[in-house]
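Both of the next two complexes hold chain A, though its partner changes from chain B to chain C.
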Partner chain A sequence: MSRRWAVAALLSAAVVAGGVANAIDDRYVASGWHTVERGEEGADVRVANFQVHVHGAVTSTRLEDGDVVTSPGAFVVVDLSYATTDAWDSPEEVVLIDGAGREFGEPSGFGSAARAWEAGPDIWSRGTLLFEVSADAVDDLTLEFRPQSPDARLPSAVLRVPLTVTAATEPLTVGRARILAEGER
Partner chain B sequence: MTGTTRHGITGDSTATRRRPGPIATTIAAGVLVLSLGWWGWFATEQARAGWWDVGQHVGIGPDARGWAQVDNLGVGVRLQGVEALAVVDEEQPPAGFAYLALDLEVVADGAPQSRSCTVQVRDARGRLFEAGREVPYADPYVSLLECGSSDPEEPVPAEQSMLVLVPVDAELVSVRVDAIDFPPARFIELPVP
Partner chain C sequence: MTEPGAITARTALAFLLATWPRRLLLSLLLLVPVVVAVSGGFRPAEPPPREVPAEAVTDTGSYLVVPRAYFVSDRVDAGSLDEGFRWVGALVQITNQGTVPISVVFEDQTFELPDEVPNEDGPNPYEVLRLDTGTRLGSAQPGVTYEVALLWRTSGLEDPPDELTLTMNQTAWTRWTIEAGYYSWRATADSFLVDLPLTEAPDSILEEEE
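Take a look at the complex of A and B:
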């Protein structure tokens, strides 16, 4: 009789294991399986093959883009530095996410240099990234740094850093990234 | 149901069922392991092929004269010299870095095919510093190594020099040369003297 119970238990365990695997596949693998690393401003944080240091962010409704342009929402310029650990590479994407889960990517149509740049192994470069967000999102923004493109078949990691966004009185400007001296951020 | 065996041992009838011997158990376990191994190998074929093909796994080293050749493409590269420079065209590297000048000899006598090669310097920590990145644009340095030409009238320059930005404390090990049409997983690796 005890052997029957053992067989029943093994069968039940197999069914449960299959159900759990199916649930994991549905919820994570099939929709992008990633780990979220959490960091803070003013500190070096490592995610995948990148090292990231977020300095801060400023916001304004106006942007110096050849002419001064005005946003119906708000422009946000994030100041950050990053390097890799292995070879020259650029992150797949850097986005802002607000408290409601809305995602703001790199805006198009602006002449300002604002795209994520390539960085070298332990060769840090510092630059700015431009975003345009809804006015009500400014107070609760998190930067999400995505080293790789999401692939449903492979686990990956993203970095989230909550931003302290200060208001600027002047129109925002965006500059090209520059290589930093050793030890600088 | 209980009973008595001919040895006089009383117990459940199932307990008297003949168990497989150690040889049969070993064979069954071996078949199971082999089956699982074959299945795993089969299931990961695409991932393994992709990982192998796109990565640098098989280095082609230099011969006695210093030439490393990709035979089926007719591409050969030799490292003539490596020199760290503090200034290039009046431009200094950021503090803590140096410009490394690589002098390379190149032959491309295979089928006419326009091709540029990426050049990286590898250090003892496995870091790969790519030539032509964040370095001054100055003669005679090129930002891409020309290692194939589609025009027989304009063969690839036999001698080409490149600059690489490297940390001054990097312990440089080798120069890697690679191109998109090199055989899968293969790259040229030349030791730094």
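Take a look at the complex of A and C:
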């Protein structure tokens, strides 16, 4: 009889442990468990194995891309420098997020679209990233720099830097990243 | 069944069948599953597709869509698209209503070609080109309104009909069941049907004549 009770108790303990693990997984682990570092323009900020320096951003509805193309929304070009702290690496993703929480990724289909580039340990390079955003998002944009791709099940760190976006009168241009001399940003 | 159990069951049955109102009630209860089964069971009936006219703004969930027209052409060019195919294209305006970019070729279940059109690939578009730049759209950014051509490769439609019926599935922001914490737009059972008139392929996506 006591053996039967022991089996029943072990079974219920297993069920309860499974339920608790499931609840923790559901509520905490699987909900985008990442650290948000906050930085500002014109300053060096560290996030994971990267050091980032955001110079600023410009916007226009027109982009010089072989021909001048006009966006149904707005083009935004972000000017930034970054280096790593350990080895040569490139960030998984750099996106813009507006005040309403909408996320804008790198557009494809533009010949001049510069992708996020590779940087070295304390070897800074400066370049530009192109985005195409909704016209009503331009006034309230934050850059989010993601060293690793966000995985809901793994902890990670991202960097957010609020952008000052100035309007350009000429069509925007995108340039290749170049390596900077020591001390330059 | 044990002897006491059998006695209890016989008593209960005798009680239920003792008077006519009880007998009627019991027979009605027994009929319920039969009636439910005959009328199609408890599964929600699939809502009929709704017909929408071309040029009407339609809310499909992930997008606001304005379906415009369709074309058939073997001169569609987008750099790396394979040549020598006949393409059937639907001209639509789309605005992503969500908060993240939608990869229009890889994760979009909204648009489907009718079954009767011979299609080399899946039911969703093989490629999506922007009409303003003539290049691939890739991802539809939130809140940006694009005029695009949805493209499928086809081996039929030598003699294109005056109208082609495009299916626009309603989509819902759905949590993944296999990997917790991920969401994407999934097609629901609800959909819209639109008859697109035949038109010429836009010049911006055609290869240049030699």
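Please note the rule applied: the second predicted complex is superposed on the first by the 155 of 185 C-alpha atoms of A that agree within 3 Å, B and C clash if a C-alpha of one lies under 4 Å from a C-alpha of the other, contacts with A are read in each partner's own complex, and residues count from 1 in each chain.
Here is the rule we use: a contact is a pair of C-beta atoms (placed from the backbone, for glycine too) under 8 Å apart; a residue touches a chain by one contact, two chains touch by 3 or more.
Please read these numbers as outputs of a predicted model, since none were measured by experiment.
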| item | value |
| --- | --- |
| Superposition on chain A - do chain B and chain C clash or fit | fit |
| Chain touching more of chain A, residue-wise (chain B, chain C) | C |
| Partner chain in contact with A:E170 - chain B first, chain C second, else both or neither | neither |
| First, second, both or neither for A:E40, with chain B first and chain C second | neither |
| First (chain B), second (chain C), both or neither touched by A:V69 | second |
| Which of chain B and chain C A:G109 touches, first, second, both or neither | second |
| Which of chain B and chain C A:D122 touches, first, second, both or neither | first |
| First (chain B), second (chain C), both or neither touched by A:D139 | neither |
| Chain B versus chain C as contact partner of A:R3, first or second or both or neither | first |
| Chain B versus chain C as contact partner of A:I179, first or second or both or neither | first |
| Minimum C-alpha separation between chain B and chain C after superposing on chain A, in Å | 17 |
| Shared chain A contacts, counted only where both chain B and chain C touch the same residue | 153 |
| Chain B to chain A touching residues, read off their complex | 14, 47, 94-97, 120, 126-130, 133-134, 165, 167-168 |
| Touch list for chain A against partner chain B, complex | 3, 85-88, 118, 120-123, 125, 153, 179-183 |
| Parts of chain A lying in touch with chain C, wherever the complex brings them together | 25-26, 30-32, 65, 69-73, 100-105, 107-110, 131-137, 152-153 |
| Interfacial residue positions of chain C with respect to chain A in the complex | 99-101, 130, 132-133, 135-139, 141-147, 179-182 |
